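Same chain, two partners: subunit A is paired with subunit B first, then with subunit C.
And then the complex of A and B:
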């Protein structure tokens, strides 16, 4: 079995199993911890609508607070969007999704994808440096914070190298790229990348618990 | 009767005396402290908090919402850092991934509980401004409350908070204000032709007051009585349950909180009250309106209203009327955190100001985004935190000054005490007034 066969075969399968089982375990285990019923009389009975609204509004700039967090906020938007564009609209990726899902969608030109990947990578490096140097982020950081950035950076770097055929044979570069994505899958359920799923119940709770008091959260 | 300024001076020396007279830590071994804190964490962490503790991405944006961080740039005051021991406890003991997290997650020890005392009592008023900022929607202030509960259970609440809690827990009084002291004030008010029904066997409305109003803002209690009498409501104060303040909520002692709420709930039931009226106290509103039912384990058999909610209702019903007081005077309304952000009462006070013809000029941060006075949730009782509080006061002062308003007005006696102390220290001359007193002054005679 070549490295590429391994990356495309058992490594992919196992990483997917760990990803799905881990996400279900952590999400399910968290949500199933007994939530206490609030006995106070709600001011407004729109708690569900308020919860759903907060899921959306917490993605928006934070109005009054914005002036101090602008860099973090907009760099966050930029790298998430750039990453998703690179993942979802790169022609070879779409071929892979098509082989799994049975359907594909139009791709963006490679030159655009190279730019979006470079943007995501540059911002992630900046955020990594910020995390290591900014006093607030330093004091609240743990290994998870660094591992989580590194497992997102790695597929971007290996992807760009594979695209540019730099440093090794294409098959090897592709295998390493796949393995780096699989490393991300394996880490996903254990670290803070889980916010991808957890942010929905978390924001919902904020919206509904403040909402029942008549406060927009 | 003494002036507010003189009363405030007396109250300040009383506060300082509490700090000096209080005992230090409750005696127990460090192992016992850690065990008790852990038990409190286990008892308090619910499903909602579990989601929040799992979701924090350590972005640190919450620091930018915190007035203590803003005033000092001290990274230890980052809200997400303030609940770090709780997060680690959760990861070791409760998380669905605890089998994996435990070997990599340091255990919480007694030294940390001591260290975090300052972070969660001196440098957090539980104001919840960070809750509004968090991009993940984490209810940070609720997690910090659980930190207080753990630290209080470990016998490590600050001595002032501990002393006040013990006073309320044992005798029911606060700052030495007991039933006798209340009766004394009621008869003083009577001599000024202000009738205050005390211990009526039956009444529709049980009205509460606070030790701070009895000791410092006697005018606020007189104003409350005038408003109630003018509305024609059937009301009473009760010498068995007059204290609205709830030190258990402040200290993090759940049973003390339940006991203080229980006194009020029982008395309201005994006199058949349909409404319990909260005086100008933000945390008292939170304790009864939003947490009273949970404290007692049952839905409350009466409604809980803040005084501004009551007056707005009476105004709408035509039972109270204001004189046209418009004289070009402008005020800036300070939203008490626990009445506003934690309570949902934003618009009633503003409506009243407008109805009285006063121009309200909101500060740049207001309503759900308002800055805390800097001394809420018992913080202003902690003597050693005075310099920190003063730094935070400067944020408030800047915002107030930028409005150009003639006076600051608020609806919480603790905010008012704290702002007045801040102003006095800074030799800042702006009057800091009470909404309820302003309302009483502007009622029509008939």
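And then the complex of A and C:
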């Protein structure tokens, strides 16, 4: 079995099993564990609208902190958009999703994907350097932050190298790229990358909880 | 052709002009990635070369490799060089049969000990020697015996080079490649199902010129022919870059000649000269005919999933395993949450009991 066969076969299968099982384990546990008793009468019995509203309002920075977090805010958005375009609209990626989901969607030209991937990589490097050098960020960062960044940077670098056929034969680069993605899959449910699945549910939970208490979220 | 006749004399007697011969030498030197200064040496060596003795063994194969080499197109200098070798033993091509044929092989081995080239096509069954025998001799024994005094071995076709289709899962005959058995001789793998004719004449020309084997890649193939992927030299590559893909073999994209990556083309992971040398006098190659590359010059090409499954799609088992993982993950998550709730409830109850 070649490295590429291993990466496309058993490594992919097992990493996806860990990803799916891990994400549902954490999602199920996190959502159901929240059953605090009301200590006073709820202002609203069902605060669904507050929950949904909070999902939207927390997508923008709070006015009080707007100036201080402008760099993180915009670089965060740019990074996520560049990453999503690179991941979701590169033709080979779509073929992969199609093989898992059973349906695909139109792709973007490779030249555009190369630009978005380069932007994503550059921003992530900038954010990594900031995290390592900013006095406050450095203190609040732990191993989870750095591992999570590492497992995201690796597929970006290996993906660009595979795309450009740089450094080794294409099948080796492709295998290393797949293995780096599989490392991400395995780490995903157990580290901070899980925010991908938890961001909106946790915003909803916070919004609806405040809503029940009559507090503006 | 007489045995003592030189290759040059034979070619000129067949009507090949000196200009045509030198053109062939230049093309061969270029194909083999040799510098232009080597053209003269190639010409001198080929012109003065005595007919090399070649013993061709056919094991578990379909004769496609021989067909490819002998019936590829009208006679050219390449095919004349192939004719010019002293092909002392070849099941399909020789007139002799039975004991006479075997006697020819044994005589050639004895007369040219240490100098003859051994060409093998087909894989060797080691599961049970009776799966393939010639004159009562198992393929394994015949290979070992013939290889013992060979100068070099050319494994022609993917079956001889890597086991090929007989080696494919579940490999009922226990088929293996030449290099799985012979470890003490230089082996050149000219893979492909079948291989390109000019590649074998190029390898022969190199052997005649330098008396050695050409530079090989890590899979034992001549780098000059197998150094680049089909994808790198494919004329449809610009469509890949632009993201223009044929979605089926008869859609507008296919008619426009767009990239066949989504239809399972294995060009990016296949190394061969099909896209540059092409077939049938340089007329076309599979991608030129509208079908993706099936990766036939790579080991285990038959076991890498469907020919029509894109490389990016992965070779993972089934969605059932993922559904099972989802169910198991959800069950563990829900179970953990319920257990935590119950624990909390018990703790609260105990607290209330204590306070009363």
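Throughout what follows, the second predicted complex is superposed on the first by the 204 of 217 C-alpha atoms of A that agree within 3 Å, B and C clash if a C-alpha of one lies under 4 Å from a C-alpha of the other, contacts with A are read in each partner's own complex, and residues count from 1 in each chain.
Just so we're on the same page, a residue touches a chain if its C-beta (ideal position, glycine included) is under 8 Å from a C-beta of that chain, and two chains touch if they have at least 3 such contacts.
Note that the coordinates shown come from a computational prediction; the quantities given were computed from them, not determined experimentally.
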Subunit A as common anchor, with subunit B and subunit C clashing or fitting: fit
Partner chain in contact with A:209 - subunit B first, subunit C second, else both or neither: first
Partner chain(s) touched by A:138 [first = subunit B, second = subunit C, both, neither]: first
Subunit B, subunit C and vertex subunit A (Cα centres) - angle in steps of 10°: 170
Subunit C versus subunit B, contacts on subunit A by residue: B
Which of subunit B and subunit C A:194 touches, first, second, both or neither: first
Contacts of A:32 with subunit B and subunit C, given as first, second, both or neither: both
Partner chain(s) touched by A:108 [first = subunit B, second = subunit C, both, neither]: second
Touching partner for A:21 - first (subunit B), second (subunit C), both, neither: second
First, second, both or neither for A:171, with subunit B first and subunit C second: second
Per-pair minimum CA distance [subunit C against subunit B, superposed on A] in Å: 7
Common interface residues of subunit A - those touching subunit B in one complex and subunit C in the other: 25-26, 28-33, 35
Subunit B residues touching subunit A - in the complex, by the definition given at the top: 45-48, 50-52, 54-61, 63-65, 69, 73, 75-76, 78, 80-81, 84, 94-97, 100, 104, 131-139, 289-294, 297-300, 303, 340-344, 346, 364-365, 368-369
Residues of subunit A touching subunit B in the complex: 25-26, 28-36, 38-41, 43, 54-55, 58-59, 62-65, 68-69, 72-73, 76, 134-143, 145, 189-190, 192, 194-195, 198-199, 201-207, 209-210, 213-217
Interfacial residue positions of subunit A with respect to subunit C in the complex: 2, 4-5, 8-10, 12-13, 16-18, 20-33, 35, 91-93, 95-96, 98-100, 107-111, 165, 169-171, 174, 178
Residue ranges of subunit C in contact with subunit A within the complex: 229, 231-232, 240-243, 245, 261-262, 268-269, 299-300, 304, 309-317, 319, 321-322, 324-326, 328-334, 336-338, 340-341
